[in-house]
Amino acid sequence: MTPDLRVEVAGLSLRGPVIAASGTFGYGTEVPLLERRALGAMVSKGIFLRARTGTPPPRIVETPGGMLNAIGLQGPGVDALIRDHAPRWAEWDFPVLVNINGESPAEYGELAARLDGVPGVAGFEINISCPNVEQGGLYFGNDPRAAASVTETVRKRTRLPVWVKLTPMVSDIGVIARAVESAGADALCAINTFVGMSIDLSTFSPRLSFRTGGLSGPAIRPLAVHLAHQAARAVRIPVVGVGGIARAEDALEFLIAGCAAVQVGTATFVNPRTIAEVNAGIAGFLESKGFESLSDLPRYLPRD
Amino acid sequence: MTPDLRVEVAGLSLRGPVIAASGTFGYGTEVPLLERRALGAMVSKGIFLRARTGTPPPRIVETPGGMLNAIGLQGPGVDALIRDHAPRWAEWDFPVLVNINGESPAEYGELAARLDGVPGVAGFEINISCPNVEQGGLYFGNDPRAAASVTETVRKRTRLPVWVKLTPMVSDIGVIARAVESAGADALCAINTFVGMSIDLSTFSPRLSFRTGGLSGPAIRPLAVHLAHQAARAVRIPVVGVGGIARAEDALEFLIAGCAAVQVGTATFVNPRTIAEVNAGIAGFLESKGFESLSDLPRYLPRD
Amino acid sequence: MNGGRPTFLSEAAITGRREVARGMFVITMHAPEIAGSVRAGQFVNLGWSPGPLLRRPFSVYRVDGEQIEVVLKQVGVGTAQLLAMRAGDRLSCLGPLGHGFELGAGPRSVVLVSGGLGVAPMPLAAAQAAAARMRVTWVHGARSSADLCSEWHGDAAVWATDDGSRGATGTAVAAAPEADLVLACGPNRMLQAVAERWPDAQVAVETYMGCGTGVCLGCAVPLARGGYDRACMEGPVYRAAAIDWSALPSHLAYAVTA
Amino acid sequence: MNGGRPTFLSEAAITGRREVARGMFVITMHAPEIAGSVRAGQFVNLGWSPGPLLRRPFSVYRVDGEQIEVVLKQVGVGTAQLLAMRAGDRLSCLGPLGHGFELGAGPRSVVLVSGGLGVAPMPLAAAQAAAARMRVTWVHGARSSADLCSEWHGDAAVWATDDGSRGATGTAVAAAPEADLVLACGPNRMLQAVAERWPDAQVAVETYMGCGTGVCLGCAVPLARGGYDRACMEGPVYRAAAIDWSALPSHLAYAVTA
């Protein structure tokens, strides 16, 4: 018997625990060979209120077991999203969350308000790895107060589920996790990319035009498992694990470490069928161990 | 003509910029096939005042492009170090720094005092990635005040060069870098390992007996280059780059990004000749570009 | 889905290899679906294990029954590994990707201008233009005679070398005759010269790529009208004048002379 | 330097492969310096590119002129890649590493007890014991007849299988006769049984390894007297009673039955 992979994450019922990560699936319409029925949910490419051009090339660099990206949140802005993409999402049989971004808490709030009630939008993932322009460009995600303030502002403007995506560049992720939990987050996603740099020996300067980029891919997996686990230990709301998942075994590490679900990003670039394969592999693992459902999976989650 | 690779790092004259990283060379006596003449300097395995047994196995796990280790700073304690190892170092033609560790600033200070003046000990590298037992186990390296306090205490007990090895698990490495610079550090090393975790699917628990371990190897290189660069931008004292160096090209990334020298760790496990090859490769690169010495290498170091 | 056209993912066995210029090799692999549907200028994204994380994009050079061919030189780790493979080894082959050259119905003559590895899409372009009953002029340049691709296709050939060791001394662009349609591929510097001479030429550019399938936005091509689009979806073939050449970084691998 | 004995790092070409039990293969490679100096129970640390980051340790199975042999099964990515290689492919081979078996001058008879892949150091042990003019009894166990290594060396052989399909039903330890000297290798559970029957037996253990050369302290072996030492330097061969078996994690790969 096929094990039951359904999972409830903060008000959203997912048919499986594997979610497409923001920025690695576009708006869900372009991935070739995608088996949509394997998707538990999808998080859209990060969006701002207004359209953004993005950063000049080069935007990506391969690194050992990973890649750096500096796309600069290129995107059409919220109006085009509502017009061009949400209507298609409304027809799909899995929830689509919108990854929202801003330069001030008010901008995040405004975005949520604009998208609240739009058919096809099932919830929000707040990307707090953005610089807070009002506070001199410090990242929201590094500062428990700023992170909580963004969360609270969004929370007030929508009834849809609000997930907060944490940055890994902190000394204690538990502090931020608890701050956004108290501010009303329904779930956490851990983690976004790590900041990295790569130098071009022929120009004696960074390879990326933006100089730094976010590191993703298998290289960061052990760090992501640790951080997702630390976040899960710190809070009562569900945690969605993200970072370097390419195989079912990788996803199972996050699930055992206390995550309710997982997201797959970079691996989709390499193998467009990754999500379907991870999903099937999780089912196969549960079956081989005699578990009837994902909820039977033993978790390693000593509480803080 | 062979380019001049000599470099002065905070009072120590090194014949080349490539240094053996702490914990990956033991006490310098055991690496097979080692060409010692390629070593700019060596940092000994981390030492505490008293002997330590270390953590039970498993202590290491391979990960994509990297490895996790939790050795637990196994070591013989300072007396055995002075008796068994320092006399041999005194005969070598390159400086050996001792990586010092403690559970309180006083312990670090005591260690430095015991080792100050011992022939063979050329300087100290303070490992601040240790839990501060007096402060409820928070890491010294995450807290600018604790990091400064350790540095200051050590500074007062020795006239030898004091290098401080930074942890990457902070939201702004520049803050810690400036704090330890003000507290009297002669140089910084960036960075130590990142905390990670790996789950064993057959036991549903962490693979490492210590549960978490430090991630090292090529996987972390882009993160280490970024952090070393950030540290170098924040201070006036030299920064030694560490993390994922396996080839001359990797070392050159750190040097161009503003480092005065580099350390090689994990790569030695894979190829015991790495340091000699990196050193020769740097010389070859400088020569191919027509530079007569390492100091001619263009640096990418916009000041903060 | 790739703008509505089908994309295939298959394990393609390597079936052969031949050297076509100094250090430049054609690798043949068995990929029947792609062979049956690829258009000149489209590319495949190749992956293998153990190997680098990301796939490597290569133009389809030629189609031969159920085989497709790619041409490459060793420029980095990925190409070194590809060139170390032997017949029977398998590559994961994703494609055809991107928009190829538009031959249209109007033009009666076409000139294919390539520099160095920029020859990559040209044999297939020559075959498809010939099938559309155009007169094909093959123009190919390289640093020196030994670097010229020894294979050519079409009704006439023009050669150019930097050192004059074969054909015209100078660039392929300078040596090329006029025609109804110009298709070009090569180093960006060369393509910029194409853009100056023939704003309406179709050029195949290269960029770093993350996915090759339109989702990562890593392959940004700066457009003359402002903004970026994706080399892997809207490209890699563009109208020469549509590109903001000053903002497009130079990639080295395609070019023997870059 | 490895406790004073020389260590070599060389590119060893694979020269052959043969199957010696179900899924168990011997790989032969050309490594003359190691062939000339290795002692039974020592190991080599193999690396290759592209491949995993860390080297993989393997006991030297046999020496044949300038060739050394290792025996393995596919248990993970590294062993899968090794088994996919072909004659002519090159491995980076570091060794000989660790301390091997001590045959000494006293003993007149030796019994070599192995379970599953624990057979790995035994052919070389048999050859070196024979050269020391000992009488060699080969005792080898596995799950089932098809899993027994088909090659054996010595004056007499004893077989044991869990299912009784060949030789004694039960473990190799139970089936082994007495002798002056006992050398054993296999899953930790088996070695623990060896320690109970023969505290003075020499056993070859396995641990995860980072470097294989004594510098990382990753290969900690818990000792009965407290503390840890290094499988790659002081080991991998120990007096059976010297190990704190309850604290030594079980590694699976060596054991068909573990």
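To keep things simple, chains are lettered A, B, C and D as they appear, and every chain counts its residues starting from 1.
Keep this in mind: contacts are C-beta pairs under 8 Å (C-beta built on N, C-alpha and C of every residue); 3 or more make two chains touch, one makes a residue touch a chain.
All of these numbers come straight from a predicted model, not from anything done at the bench.
Taking the definition of touch as given, a chain qualifies here only if it contacts chain A and chain D alike; those chains are B, C.
Averaging Cα atoms per chain gives one point for each, and the point farthest from that of chain D is the centre of C.
Centroids built from CA atoms put chain B at 33 Å from chain A. With centres defined as mean CA coordinates, chain C is found 46 Å away from chain B.
Put simply, the C-alpha centre of chain A and that of chain C have 35 angstrom between them. Multi-chain contact residues of chain B, defined as those touching 2 or more other chains: 61, 65-66, 217-218. Residue positions 52 of chain C are each in touch with at least two other chains.
Contact topology of the protein chains: cyclic, one closed ring where each chain has exactly two touching partners. Those chain pairs judged to touch are A-B, A-C, B-D, C-D. Every residue of chain C that touches chain A in the complex is listed here, in rising order: 1-2, 7, 9, 47, 52-55, 92, 94, 207-222, 226-228, 233, 247-249. The touching residues of chain A, when paired with chain C in their complex, are 23-26, 29-34, 45, 53-62, 65-67, 69, 71, 74, 209, 217-218, 266, 268-273. Those residues of chain A whose C-beta lies close enough to touch chain B in the complex are 61, 63-66, 68, 139, 142, 169-172, 194-199, 201, 204-206, 212-213, 215, 217-223, 225-226, 229, 244, 249, 252-253, 256-257, 285, 297-300. For chain C in complex with chain D, the touching residues are 50-52, 77, 81.
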